[in-house]
Amino acid sequence: MDGWRTAIATSDATGLWVRGYDVTALMKLSFADTIFLLHQGRLPSDNERRLLDAILIGVADHGSGAPSCAAARLVASGNRQSLSAAVAAGILAIGDEHGGAGSACMELIAEGVERSARESIPLEEAARRLTAEAKAQKRRLPGFGHRVHTLDPRTAVLFGMARDFGIGGKGIAFMTALEVTIGEQIRPLPINIDGALAAVLFDMGFPAPFGKLVFIIGRVAGLSAEVAEEYAREKAMRIRIPVTYDGPPPREIE
Amino acid sequence: MDGWRTAIATSDATGLWVRGYDVTALMKLSFADTIFLLHQGRLPSDNERRLLDAILIGVADHGSGAPSCAAARLVASGNRQSLSAAVAAGILAIGDEHGGAGSACMELIAEGVERSARESIPLEEAARRLTAEAKAQKRRLPGFGHRVHTLDPRTAVLFGMARDFGIGGKGIAFMTALEVTIGEQIRPLPINIDGALAAVLFDMGFPAPFGKLVFIIGRVAGLSAEVAEEYAREKAMRIRIPVTYDGPPPREIE
Amino acid sequence: MDGWRTAIATSDATGLWVRGYDVTALMKLSFADTIFLLHQGRLPSDNERRLLDAILIGVADHGSGAPSCAAARLVASGNRQSLSAAVAAGILAIGDEHGGAGSACMELIAEGVERSARESIPLEEAARRLTAEAKAQKRRLPGFGHRVHTLDPRTAVLFGMARDFGIGGKGIAFMTALEVTIGEQIRPLPINIDGALAAVLFDMGFPAPFGKLVFIIGRVAGLSAEVAEEYAREKAMRIRIPVTYDGPPPREIE
Amino acid sequence: MDGWRTAIATSDATGLWVRGYDVTALMKLSFADTIFLLHQGRLPSDNERRLLDAILIGVADHGSGAPSCAAARLVASGNRQSLSAAVAAGILAIGDEHGGAGSACMELIAEGVERSARESIPLEEAARRLTAEAKAQKRRLPGFGHRVHTLDPRTAVLFGMARDFGIGGKGIAFMTALEVTIGEQIRPLPINIDGALAAVLFDMGFPAPFGKLVFIIGRVAGLSAEVAEEYAREKAMRIRIPVTYDGPPPREIE
C-alpha cells in the first residue's frame, strides 16, 4: 500500500488544517460551518449554516424507542467498558429503514429534476409521471407521511427558513409538486422531516449520501446523551425483552 | 421489561420535544446549543456555546492516518452497503489510547480540585503533589505533550476564548498549575488539545465521560467526510497493508 | 412492544435449550453441529457437518492485509478497553466487496436453477444464457477468479469432499457448467472459494444470506486471534498509514 | 507505516496457510481445531477439541432477551442493508457485564494459583483468603451464581468431560475450592457456566482474554441465526420499547 489520498485533512497528521484552513481560525466559527466545509469544500453562508443547524437539530433525538437509541442503550447495558461501543451500535441501526429516507429522497429529487430537463417538461409534470409510476408499481415514495404525525411541524420550519433566506430551488419545488400529485393520485401524505431535509440539502448542493450522513451526525448528539444517561442512572443488564418461543418443542438427539 | 426511563426525550416518540423544549423552537438555535442542552439539561450562554463549538471543531478531523479514520476507510473499502457501518467502525477506534485523554484528564482535574479542598491546600500545591506521585509511580499524566506538536496552538485559542469570556475556573487554573509543576519536576510538556478541552469542559460543568463523548461527536463530522470521500473517489478493496509473517514455518499435521 | 417471537431459543432466557434440544446434550456434539442446527432447525449428518467445518476453516483467516483484519487491528490499536469493539469493527468490513461473494453467488445459483426449471432447459443451457447476458451487460459473475490465485485449491477440496460424500446437487452442477461457459464466452476463470462454498451450501439447503453469515462466523475465529495478537505483541497507536493530501492549499477565511 | 507483523496467517495474503499449516489440510479437521490452533499455535488433542466444542456450544445462544441478541435484532430492524452491521452490534453488547465473567474469572484463577505458589499455601487456603478479602471489600467474585439457575447443568457437563478426559488441573481445583469457601463464608453460590469455562480454559493453557473471545466466537453463531430469523420473519422497524419520560416539563426558550 502506498498510502491514502485525502482532500479533507493535512498530510502531516497534525490535525491543524482542514481543507486548507488553519483549524485555529475555524475554531472561531461554528461546528455546523466545519461540517459544511468538510463535505462541500467551502464555508457556508450564514443562511446555509442556519439551515444545516436546523436539520442537525431536527434529527438529533427522537427518544429511546427508536432502534438507534434502543440499540445504544442495550449495548451500554451489557458492556460498560466502552462508551464508543454503545454509540457505534446506535449508529449501526441507521440504515434504509431508519434514518435512510433522506438519502433515498435526495435520489428521487435528482431523478425528477433530471427527468424534467431531459424530457423538457415542467417539474410538476415530472412529479405527476413519477407518482403514477410509483402507484402502478406499488412503490412507496420516500419523504412522505409519518407513522406518528399527520403534519410534521419541522417541515414548515425548514421550508419557512429556506424561503426567508432565498435558498429554495428545484429541490423544494419538486417536493412541493410531488406532495400535490401524491395527494391527487394516491392520498394526502404530507412531506415529513426526511423529505424536507432532502429538499433543502439538495438545494444547498449536497450529494444524496449526505442525506444519511447528516442523520448520523445529528443523531450522534442524541445517542451520546442517551448513553451517558444509561451509564449514570441505570444498572447494568437491566433489559430483558419478553420473548415468545414458537420453535420446535423439546426433543431428543437421535 | 416495563420500559425505559428517560429524561432526554418525550414519551411519545414523536421526536418533537427535547428536554422540555419544542424542537421547532430549538431549530432556530445552533447544533452546539442542542448538544449542550442534551448533556446538561439547560441551554448554554452565547460564550459557553462558542467554547463548545471551538472544542468540537478542534477534534473534528486529524487526517486519515488516525486509527478512527483509517478504520472507517478500511470498512468502507470492504463494505459498500452501509455508510453507517464505516462511520461506526471509526468510532470504535476511539478509546483510552485514541480520543480518551480528555476524559482521563477531566478525572485528574476533579481529583486535584477535590484534593485541594480536602487537604486545604492551594491548587498549586495539589498539582505539585500529584506530579511528584505520578513521577514516583512512572505514571503518565493525561493532557500533556503531543507526538507531533511541541506547542499545540489549539490550547492557546481555547484558553484565550475562556479568558475573554470570563469562563475559566478551577479546571484551567489547575491544568496551568500542573503544567508548571510538570515542567519543574519532569520536563517541559505543554498542555495539549485534550488537556485544554478537559479544563474548559470541567469549568463549564460537564462530567468526565463527556470528555470522550465530545470527541466522538466532533470526530463523526470528520469520519463522515472521510467515508464520503472514500466512496466517491476510491475503488473498493484498494487497501492491503504490507504484512510480515513471523510465525511457524510450513509444517505437516501429525 | 409485546415481545419478540423466536424459533431459535427458549422463552425463559435460561440458555438451556436450543431449537428444542437440551444444550447439555448438544455440548457432546461439535460446534459446527450447533451452527447447522441454529440455521436449519435440524442437526446435520456427519458428512454435512464435515463440509460445514471445511467451509468455516477455509474462510477463518486470510492474513491481516484483508480489510476485516486490518480494521480490527486498527481499532485494537486505538481502543484497548474493549476486545469486542475490535472484533466488531472487523466484522463491519465484511460486505458486498469483502466476504459477500458467497451470498451473491448463492443467489446466482438459485436464479440459474430456477430458470432451468421454468424454461425447461438443462442447467448447461441456463448457464450459457446467464453468461451471455452477463457478458453483454459487462456484469461480473460472483464466485469466479481471484486476485491472487489462478486456481484455488480450496475449491478442489470442497468439491472432492462433496463428491465423496454424495452430497453434490444442482449447486455444484450449475457452478461447474458456469465455469465451462465462462471459459468459452469470456476467459478461463476458475471457481474460487466463494463460488465453491456457495455451491456446497446451496446443495445442503442453506438460504443465500447464509453465504455471508458463514463467512462472518468463520472469520470471527481469525479476527479474535488477530486482535489477541495485537494486544499481546504490539504497542497502542502504532499505526499511521501514509497520507497524501491533494486538497486545497492553505487559504484564509474571507 | 512499515507493515504489520503477524504470526497467525501467511505473508502473502493468499489465505492458504494458517500458522504454518496448509489450509487444505486443516479443512479435513474441525472448526474447533482451527480456533484452538489460531489461539494456541498448536492443534489440540481430541479431548481438548471436545472441551472447546462444548464451551462454544454452551455460550452460542441464550435467547433474544440477552443484550447481545436484542441489540443485533434492533439493528436488523432499522438497517436491512448490512447483515454484518447487525451481528457486529450484537458483539458490541458483550463486555464486562455480559459475557465478560469468563475472562475475569480466569484472572481470578491465575491470581489464586500464583498466590498459592508464592505464599506456599494449598489452593484451598488461597481460596479461603481470597474469599475473605472479597467479602470484606464487598466485592463480587466472578464465575459464581446466576440470575436464573440455582445449579447450572452446563458446569456439571464441562467438569465431567474434563475429569473423564484427565484434563482438569489447577483451574478446576481452585474453582472447586472457591465454591466451598464461598459457601462457608458467604452463601452457597454454585459455579456458573462462566466459572466452569474459565476453569477448563485455564487448564488447557488459554490466556485470560480468551475467556471473553470464546464467548464472542460462540455467540456469533447464535447472533447470526437470530439476525437471519429477524430478516426472514419480521417487518422492519417493528420495535418500539415503551419509554417513560421523567425529564423537565414543556418549557419556553428564554
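Here the chain labels run A, B, C and D in written order, and each chain numbers its own residues starting at 1.
By definition in this document, contacts are C-beta pairs under 8 Å (C-beta built on N, C-alpha and C of every residue); 3 or more make two chains touch, one makes a residue touch a chain.
This one's a predicted model, so the numbers in the text were calculated from it and none came from an experiment.
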Field rot_deg for pair chain B/chain D, CA superposition, rounded to the nearest 5 degrees, holds 180
For the pair chain A and chain C, the C-alpha centroid-to-centroid distance in angstrom is 31
As a quick test, compute the distance in whole Å between the mean CA positions of chain C and chain D. 24
In angstrom, rounded to a whole number, how far apart do the mean CA points of chain A and chain D lie? 37
The positions of chain B in contact with two or more other chains are 1, 4-11, 13, 26, 29, 63-66, 70, 79, 81-82, 84-85, 88-89, 92-95, 239-243, 245
Classify the inter-chain contact topology: is it line, ring, star, complete, or other? complete
Footprint of chain C on chain B - complex, ascending: 63-68, 70-71, 74-75, 77-82, 85-86, 88-89, 92-100, 236-237, 239-243, 245
Taking the touch rule as given, give the residues of chain A at its contact with chain B in the complex, in rising order. 1, 4-16, 18, 23-24, 26-35, 38-39, 52-54, 56-58, 60-66, 70, 73, 82-85, 87-89, 91-95, 148-149, 153-154, 156-158, 161, 193, 207, 209-210, 212-213, 216-218, 220-222, 224-229, 231-234, 239-242
In the complex, chain D touches chain B at residues 1-11, 13, 17, 19-22, 25-26, 29, 41, 43, 79, 81-82, 84-85, 88, 92, 240-254
